[in-house]
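These notes are about the structure you will find just below.
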Amino acid sequence: MSAGRLCAADVTSGIKRLSYSTGRTLDLSGIFPPIATPFLEDESIAYDKLEENLKKWSKIPFKGYVVQGSNGEYPFLTPTERVDMVKRVKALIPKDKLLISGSACESTRQTIEMTNAMAEAGADAVLVLCPSYFKASMTLSALTEYFTSVADGSKAPVILYNMPANTGIDMTAPLITSLASHPNIIGLKDSGGDITKMATVVKNTKHLSFQVVAGSTGFLLPALLVGCTGGINGLANILGEEVCQVYQLFQESRLKEAVQLHHNLVTPNSLVTRELGVPAMKAALDYMGLYGGPCRRPLQPLTSEEMRRVRDAFKAAGYGPNK
Amino acid sequence: MSAGRLCAADVTSGIKRLSYSTGRTLDLSGIFPPIATPFLEDESIAYDKLEENLKKWSKIPFKGYVVQGSNGEYPFLTPTERVDMVKRVKALIPKDKLLISGSACESTRQTIEMTNAMAEAGADAVLVLCPSYFKASMTLSALTEYFTSVADGSKAPVILYNMPANTGIDMTAPLITSLASHPNIIGLKDSGGDITKMATVVKNTKHLSFQVVAGSTGFLLPALLVGCTGGINGLANILGEEVCQVYQLFQESRLKEAVQLHHNLVTPNSLVTRELGVPAMKAALDYMGLYGGPCRRPLQPLTSEEMRRVRDAFKAAGYGPNK
Amino acid sequence: MSAGRLCAADVTSGIKRLSYSTGRTLDLSGIFPPIATPFLEDESIAYDKLEENLKKWSKIPFKGYVVQGSNGEYPFLTPTERVDMVKRVKALIPKDKLLISGSACESTRQTIEMTNAMAEAGADAVLVLCPSYFKASMTLSALTEYFTSVADGSKAPVILYNMPANTGIDMTAPLITSLASHPNIIGLKDSGGDITKMATVVKNTKHLSFQVVAGSTGFLLPALLVGCTGGINGLANILGEEVCQVYQLFQESRLKEAVQLHHNLVTPNSLVTRELGVPAMKAALDYMGLYGGPCRRPLQPLTSEEMRRVRDAFKAAGYGPNK
Amino acid sequence: MSAGRLCAADVTSGIKRLSYSTGRTLDLSGIFPPIATPFLEDESIAYDKLEENLKKWSKIPFKGYVVQGSNGEYPFLTPTERVDMVKRVKALIPKDKLLISGSACESTRQTIEMTNAMAEAGADAVLVLCPSYFKASMTLSALTEYFTSVADGSKAPVILYNMPANTGIDMTAPLITSLASHPNIIGLKDSGGDITKMATVVKNTKHLSFQVVAGSTGFLLPALLVGCTGGINGLANILGEEVCQVYQLFQESRLKEAVQLHHNLVTPNSLVTRELGVPAMKAALDYMGLYGGPCRRPLQPLTSEEMRRVRDAFKAAGYGPNK
């Protein structure tokens, strides 16, 4: 964070150097669903369906909500839609729930601008993915400079977001560890699932108040074991109660029950994340009585065979609309 | 291209089904530089520098210009900047030069919208990259539906753009061959460099007026040999005369000279493409007396050692500011 | 396991169909070091050093030993050396310690032959890596047929060995689950580290006596949590006492201490596995007072800088020759 | 090539430093089939079928034969079988045909031993693949040391063999260029198909008598254009006459005909190499009236659908048993 770098960020985003003092107190322990963005058949945003879903989610002991993680199909939203979604969610959720918003763009300047727009729209923290178009140029020093500049220029605390399956870039433990000492970088959402890396980062940042959260239910419980503080899990859209229960059982040291639940969730979770992705998550929402609806294209609707696989997996695990 | 699909595209972009009759006559034979977007130190677009560069390029027998290929740093431009760039270039180039514009976004609807904005801004054709954020969902059928919808909805003829190093997705010969029969898809820019695939596509589309152009000088000459019609080559920004000469020598069957020139270009080309990327291309522009200037971040300026490597490679190949 | 397939295996290896009844009783719970093969400076096997190391290891509560995992540099041994190593180790270890031997070759017939040679030399079970030279041909059905044939023809129970970093092939949960129902396939050593997959396999094979063991200390503790039965861990060569303690603390539900030890081991472990590989493991053995010695080439000795990193990592974690 | 390194090689393989003077005169211009190893149904080597095939191949203007390229299924042969195959082929081919033999093993010492056994069995040159089990350790310096040691210790000239699809390691232009200056390393078989790299290596080694040969018919013609001297092509097993004709037409500057033939071969070639591999090559041999027979397992026989695809592709291209 040299003066020169800060300077550039200031020019770019037209903001003054910020005080980060509050950032470090934001507590990420608990479960956050990275909420789906509901669309109508014409692919416009269905804000009434969003409200319905939020009403149902409000009965679940979530720590807060993530708007525009990958599950929110954020790359398909216009900048205006992205900010609007945050405003709407902010207005609909209780004050004691955190709102974390994805704010990544490809350029440093656009990310800073979007980050601050999100902060103004009500985000308590922002989730920042690494830029990935110019893969070969995203060296350790480029990524360090990027995240440092974004954190320097951001009015909200920054959570790093590692999602190698989508970006093609896997942020390394040394990169994350080094960024963790920035006063405005408060945590990491890791969706890569490398449990060795998570333990390494937790261990290397123990002296800081840096928090690592698990990006999938597939590894939530092992992540908690090695010191992660919570989860941002797509499955929490669908089975929020159960995902929160994994967290709760772990807190209460009821490990045997936690593992049993973990085992029960692992197959449905894989289907709606790794295997069939967002369309399957939305199909499962519909199946469970929430609003899923279509994805924006090019994401395709499930085939009827895939639909059947999703339903069967939830049914086999004991979950259904009438539970 | 079912009626249903067309319908969705129509709804999305608010346009009527288009007549593609003129598309097929667009001739892509020749060399196109995918022009750099010049920035000032504060990362704003330097339109005067763009004009200066275009004046210098106007003396070179290019077939036309590509605005917002990867070398144009298009992911760092706002939608407004993207369209503005096209308008500016259109106003500055002679009427007989083609203007091809990159118009890809992640969603189908945004790509159609951007495509038509580009067409209205003066683009003779658009270059459409495959969506790549949700990699695992970009199946053969998703990509087929995507490009078909875009081509259905586009007012300008569509050129497919395969750039696996940046997208992490390598469009296959069967996908490309199948898309080639769409009346509004007129060609492919292949930057993957798989010469076997290029020959396969050329052969499989011989009965159509589909045109394949080489996405790098590194394989321009072999690509011409196997039936490609031209090149969209980053190096043409810097050594436009020489890249056009490769094309010309091949046309005149002066193969020995063509190979010699090809060999001479291969090392400088690798440096400003694969190895050091856009920052090196801009550094080379500066070195050769055009305007390169900085990249938008997170792309980093070259280190002085990298700068030296670039200069040395051009010097060793016999190219310099005073040539 | 059709009769036809068995037939082919019989012809190949000249053996009769075997009774697997004892296989299922082999208990893989606990820690196994995949022992290093000690070489002299001329790269011949240093059997006296092997004996010295085994003497030191004998004081550690290992469940048994793995001969010719990746850490044993098995691809550098001749078939004769491979079998000899097993015989020597068998003669040197107490009767109550298990001996598991790697027996993979590229062809089905050679693997069966080597497997049975290992069984005759004293191996209680064999560890079989997937063939990987013809990567594109190693489809689900090819790998199913391969492991089934090997298990059909093997006199010793078979443990699957997934090591994607070295083979370039990551065995999937469906493949492993399907193979788990073979009566002579008793477990999986997973060195890929995908904790989600491990839980999935454990859960899918609960009704069988299939056992999953963690292939690295980097994820041993989380693996135990999700139901794995033990570990085959390179670090156990060097810090066997500590790796066994992780296992023991988990058995005693002393999780807090287990996690603390896990954190302490994670950095030294990464260095001698993922980062610097077998040469670093051997350097650490030397440092800790066991015999490491050189690797067979093309594995290179550590640079002095790498050597320093290894020593520093162990020292920083509190481990050294005089502990 | 320090004295020290040579020394180690000497000890290992028991040979004296060799004079490489003749190596450099070996002329690799022309076409070589990397011959299939014929097996009977019980997977034993069918030497009589080998003889029949060689008799048919003898009417084709090949420059020579490659024994134990990937198409020869060399990883499935025992060391004894590997040497025997070379002896048999040597005895069956005319004196004026070159015999090149694959001799790679994973360890330096075994490769040197095998290399010299091949030389004694009659190989005019050896083809050496890079070791690939310990992928992460195969750094530039490890591979440099490996190939230098092998070349130092080899009685026959060495041809580098780059086959990234099978090894998972893509030898770089700087590595190859640096090795090319070794007096006993005379060329490169590149099966990666990166035409930019081939041109780069040809250009960088122009001052040496280093020869690059194309590892597939898919890029043979473009490779010849950029300065390669010939081809080692799996398809030459099946359509040897035609592959030689591509070479001949290029020599005679009959480019138009060469390209036409290239286009005609590209689809059948892809099927028997990239797509369906060795089993398809053998099925095509059977179809064309040579002996293909089964592969050693785990390579699986084609399904009847795949078989049909192979036949159709050859038929569609105008090739069949009665041509």
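A, B, C and D label the chains in the order they appear, each numbered from 1.
One rule holds in what follows: a residue touches a chain if its C-beta (ideal position, glycine included) is under 8 Å from a C-beta of that chain, and two chains touch if they have at least 3 such contacts.
Quantities reported herein were computed from a predicted structural model and do not represent experimental measurements.
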Quiz item: Which is the least count of steps on a path of touching chains running from chain A to chain D?
Solution: 2
Exercise. Name the chain whose C-alpha centroid is most distant from the C-alpha centroid of chain A.
Key: D
Quiz item: If you average the Cα atoms of chain A and of chain B to get two centres, how far apart are those centres in Å?
Solution: 34
Exercise. Find the geometric centre of each of chain A and chain C from their Cα atoms only, then give the gap between the two centres in Å, rounded to an integer.
Key: 36
Practice problem: Can you tell me which residues of chain B touch two or more of the remaining chains? | Solution: 274
Self-check item: Pairwise chain contacts under the document criterion
Solution: A-B, A-C, B-D, C-D
Quiz item: Which part of chain C faces chain D closely enough to touch in the complex?
Solution: 8, 11-12, 42-43, 70, 75-76, 78, 106-110, 131, 133-139, 141-143, 145-146, 149, 165-166, 168, 274-275, 277-279, 296-300
Quiz prompt | Touching residues on chain A, where the partner in the complex is chain C | solution = 193-196, 199-200, 202-203, 206, 216, 218-219, 221-223, 225-227, 253, 255, 259, 262-264, 266-267, 270, 274
